[in-house]
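Chain IDs A, B, C and D follow the sequence of writing; residue 1 opens each chain.
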Amino acid sequence: MSDQVAPTDTLYAVADFCLIPMGLPVPSVGPQIAECQRVLEKSGLEYKVGACGERGYGTNIEGPWDAVMTVIGECHRAVHAMGTPRIATDIRIGTRTDKSISSGGNDGKVKRVEEILASRS
Amino acid sequence: MSDQVAPTDTLYAVADFCLIPMGLPVPSVGPQIAECQRVLEKSGLEYKVGACGERGYGTNIEGPWDAVMTVIGECHRAVHAMGTPRIATDIRIGTRTDKSISSGGNDGKVKRVEEILASRS
Amino acid sequence: MSDQVAPTDTLYAVADFCLIPMGLPVPSVGPQIAECQRVLEKSGLEYKVGACGERGYGTNIEGPWDAVMTVIGECHRAVHAMGTPRIATDIRIGTRTDKSISSGGNDGKVKRVEEILASRS
Amino acid sequence: MSDQVAPTDTLYAVADFCLIPMGLPVPSVGPQIAECQRVLEKSGLEYKVGACGERGYGTNIEGPWDAVMTVIGECHRAVHAMGTPRIATDIRIGTRTDKSISSGGNDGKVKRVEEILASRS
């Protein structure tokens, strides 16, 4: 039934995730975050480090659904390999078929809100 | 560096996700949720429908990282194919290397908390 | 402008949250979860322990917005008081004005999906 | 037991939330987001609009736990008052007792990751 929608290896997705290492004796998680960022860099996908509350990590990443999800999984692997026994990640991910989001993405939305506010004040 | 950790096609993951259809003229999303459940059923993965706040949908699903993520992507495809222009999903997903979670998973954790509470009261 | 909508101390909310203690030398978080459950029990609000991926904790809770949020904050206080230096929580919360959700809530939604599936199979 | 931890009206929290209007016939949610931003502005709390995947809305906000949660509830009220029948919000919120996060917060964390990466390359 969903043949007319792009399969998951091409379905464009915009995501925002927070990866939280657990079972580490110190509350700060800078080294794990840095390791994850190296994985993101190698992926070739568009990403932007962001903070999301007092979480371990938050970043935006966009690209084809499968590629985005594999990269986040690779972050888990890399952080486990550093000796982290347990990882909990929260991912917000969106897709749309009404218009292309393959350019602009997260940045485009911030701009749009700013325009609406400017036009009303 | 992460060679000793299972690759993402075998890394066992326990997830909990909420899929929210957007751009529908009615606030109820029952048909979309039912469609998603059919996708889950076909996947062969272990899953359990759950509610997560006043969200569109919440369910637990577990299995290899890549398989879990592909199934959630297939839910997006199926719900888009029903005419939903935009979908926002929140996924909480966890992995661990200190012990096997390939059996028990979510159910095991609920039991463990109940034991701790019983032993203290 | 929002005067016709219930103020936050009476606006009915259905939530689902995961509390993750950080900076603990062990990956398991059973004692912290049990402590949080005692706080929920004392609150008098309707709640139900649930699992949400390999997260530290997941539960459903519903009631007036302010009451729900204060109870989750009390969980943070109680878990910090046990010696947890850092806590990250993910909350999914929903409200609606089109119909009452003050009875049924999460349970009602699961039933509705089951009905849709049954009627189609 | 949690007397030594700040009560929820002073416990400092750093949050990141996405508010998703449901039951609207159009997939774009710019006007609702703009309305929410006006509520944030009036609150006097520190906030920063951000995008979080293809979600309806994402922003960082920080301040005392109760104040942060009340403002998010006020956003729900304001968006309901515009005619939105149902709203689903995802909130990531963190607190810590090992060091003050009342200055720096989200911005401080991004800087710290950048420093770690710079020192290693």
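Throughout what follows, a contact is a pair of C-beta atoms (placed from the backbone, for glycine too) under 8 Å apart; a residue touches a chain by one contact, two chains touch by 3 or more.
Protein identities per chain, from UniProt: A, B, C, D = Thiamine-binding protein domain-containing protein.
Since the model is a prediction, treat every value here as computed from it, not as a measurement.
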Chain pair among A-C, C-D or A-D whose interface repeats that of B-C, sharing over half of the contact pairs by residue number: A-D
Pair exhibiting more inter-chain C-beta contacts, B-D or A-B: A-B
Where chain B and chain D are represented by their mean Cα positions, the distance between them in whole Å: 24
Cα-centroid distance, chain A relative to chain B, in whole angstrom: 17
Residues of chain A engaged with two or more neighbouring chains: 13, 18, 23, 27, 53-55, 85-88, 90-96, 98
Complex contact set, residues of chain C against chain B: 13-16, 18, 27, 30-31, 33-34, 37-38, 49-55, 58, 60, 90-96, 98, 101, 105-107, 109-110, 112-114, 116-117, 120
Chain C-facing residues of chain A, complex: 18, 20-29, 53-56, 85-88, 90
Of all residues in chain B, those that touch chain A in their complex: 1-8, 11, 13, 23, 65-66, 69-70, 73-74, 76-78, 80-82, 84-98
